[in-house]
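Look for subunit A in each of the two complexes below; its partner is subunit B in the first and subunit C in the second.
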Partner chain A sequence: MRHILIIAAALFASSALAETPRDFLTRFEKEAGAAASAERGARFFNTSHGGEWSCASCHTERPAQAGRHAKTGKAIAPLAPAANAERFTDAAKVDKWFRRNCNDTLNRLCSAQEKADVMAWLLAPK
Partner chain B sequence: MNTETKPIRVWDLPTRIFHWSLVASFAIAFLTAESEKLRDIHVVAGYTLAGLIAFRLLWGFVGGSYSRFAEFLPTPRKLIDYLKSLIDGRPQHYIGHNPAGAVAIFLLLGFGIVAAASGWAAYEDLGGHFLEELHEGAANGMMAIVVIHIAGVIVSSWLHRENLILAMITGWKKLRNENSAG
Partner chain C sequence: MKRIIFPPLFALLAALALPAQADSYRLPKNAVFEEECGSCHIAFPPQMLHADSWRAMMGDLSRHFGSDASIDEKRRTAITDFLVANSGGRKTGDTRDAQGKPLLRITETARFAKKHREISTATWKRVAIKSPANCAACHALAAVGEYSDHSAVSPK
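Our next item is the complex of A and B:
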């Protein structure tokens, strides 16, 4: 019983140590080895990259607003952390959705620089 | 070597159609899981899978004799005896599902129900991140069972010198007059 409590406490503590959106900006900048550019992030977000979709196809060009799934039409909660406190607080979730959505829009994974730029733009005051 | 064989119809047509349709719908759902562009295909494959499982649950009570749950309900005793016989290199031969295969079937049906229900609930925005995790966990559970099932089919086909894949296509097995346990 004691052990179960300790394990439960450890699990709870690890989930309480969740990342903040700024942590992801820092992480991607570090991985890219260069500073992020919010301006470049906006351009990347709003233009398509040879494929049918851009990020904005679902998340809209104003990511502080709710988006709409380009295929199913279902509502998507705002992507910008200022409008949605749940965004960019869980590394596993962030990595999973960058992987999936980059494959859908670019047919490849996003580079660390691209992710850093998008983070900078999403965090920039509007 | 005993060459005297007798053909026997083991898998009825609905069971075979169910089996290969489940293969197709699960493969499509699994391969389209990561893409938002293919989300509608994924959802249709998932509903198809749910419908197929619903049919199989019904068929487990009213279907052909080898398709009924009562025929292959795996008791711990039967399962242990069967696994022991595998280890001893003298595998018990079942005409229908062997006890290990039967466990896999019930697990696959269970995981399938959870995957379909959680997928539907996630798609309808009925819950948060937990539903996604449950959905992916159940689908990965199904894939694990599928891998074990395919390995079991290959090993069992080799051990008993019978083509189990062909039997699931034609429905027929050639029954030898030797150590039949089922």
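Our next item is the complex of A and C:
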């Protein structure tokens, strides 16, 4: 009996830690204090912001497809969760990549609203 | 008679075995290194740069060849230790420039230039290659540290 309880507790703990793409949309909307817009997210994703690269430079304008690193040429697995179940399931990874990639494309961090918009667009049915 | 034959035979076998081994970079398994150093480019073998080069690189990850490659401090320290422990070696030699500054690009090292001296500018520019840092374009087994000449094929 004790073993079953331990297994149950472990399962509960691991499911509580794992995140889903929708959790990130909710989190960023909450931080922004406003609803996300998939349309705005698409525009943000596909246009450059003063720098050399846009998000689409590496992830392509159709993020359900595989991309390619704009500089090194290395293959990048699809970003859209519908095409790649591993995406947006780990908060540390999500925060790391938004930090780096926003710095590379905008030369600053992204706002919560910008991240919410991008999430909404990535989750929108294509 | 046997005593005379065996040492030269052994030397010959060793010499035959060397070219195949010369550009194989074997590494202890390290998941953090593979994940963090292998997401934007392949995880380059630590053996290809001197420890000083790795220390300099790992000290400035937020400006990593024009990209923000910053990682958390715990991972940064662990990866630096791993790179330093497996760095350099006899073949790599000194990876510093003429002013004594550690080189950060493997492609700027003397060994890289020597090993690729027969590759033409036109070949480097092929779409499938794109960058001299794209090792796997020609070295299909680069991800497992296999860079020997006989395993390299330039894509059209």
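Simple rule for what comes next: the second predicted complex is superposed on the first by the 110 of 126 C-alpha atoms of A that agree within 3 Å, B and C clash if a C-alpha of one lies under 4 Å from a C-alpha of the other, contacts with A are read in each partner's own complex, and residues count from 1 in each chain.
The rule we apply is simple: a contact is a pair of C-beta atoms (placed from the backbone, for glycine too) under 8 Å apart; a residue touches a chain by one contact, two chains touch by 3 or more.
Quick caveat: nothing in here was measured; it's all calculated off a predicted structure.
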Applying the touch criterion given at the start, work out whether A:73 contacts subunit B, subunit C, both or neither, answering first, second, both or neither.
-> second
Looking at the overlay, what does A:103 touch: subunit B (first), subunit C (second), both, or neither?
-> both
Which touches a greater number of subunit A residues, subunit B or subunit C?
-> B
Contact residues of subunit A, present in both the subunit B and the subunit C interface = 69, 71-72, 74, 99-101, 103-104
Given the complex, residues on subunit B that touch subunit A span 34-37, 39-40, 43, 123, 125, 129
In the complex, subunit A residues that touch subunit B | 52-53, 58, 69-72, 74-75, 90, 93, 99-101, 103-104
Which part of subunit A faces subunit C closely enough to touch in the complex?
-> 69, 71-74, 92, 96, 99-101, 103-104
Would you mind writing out the residues of subunit C in touch with subunit A in their complex?
-> 40-42, 62, 65-72, 129-131, 133-134, 136-137
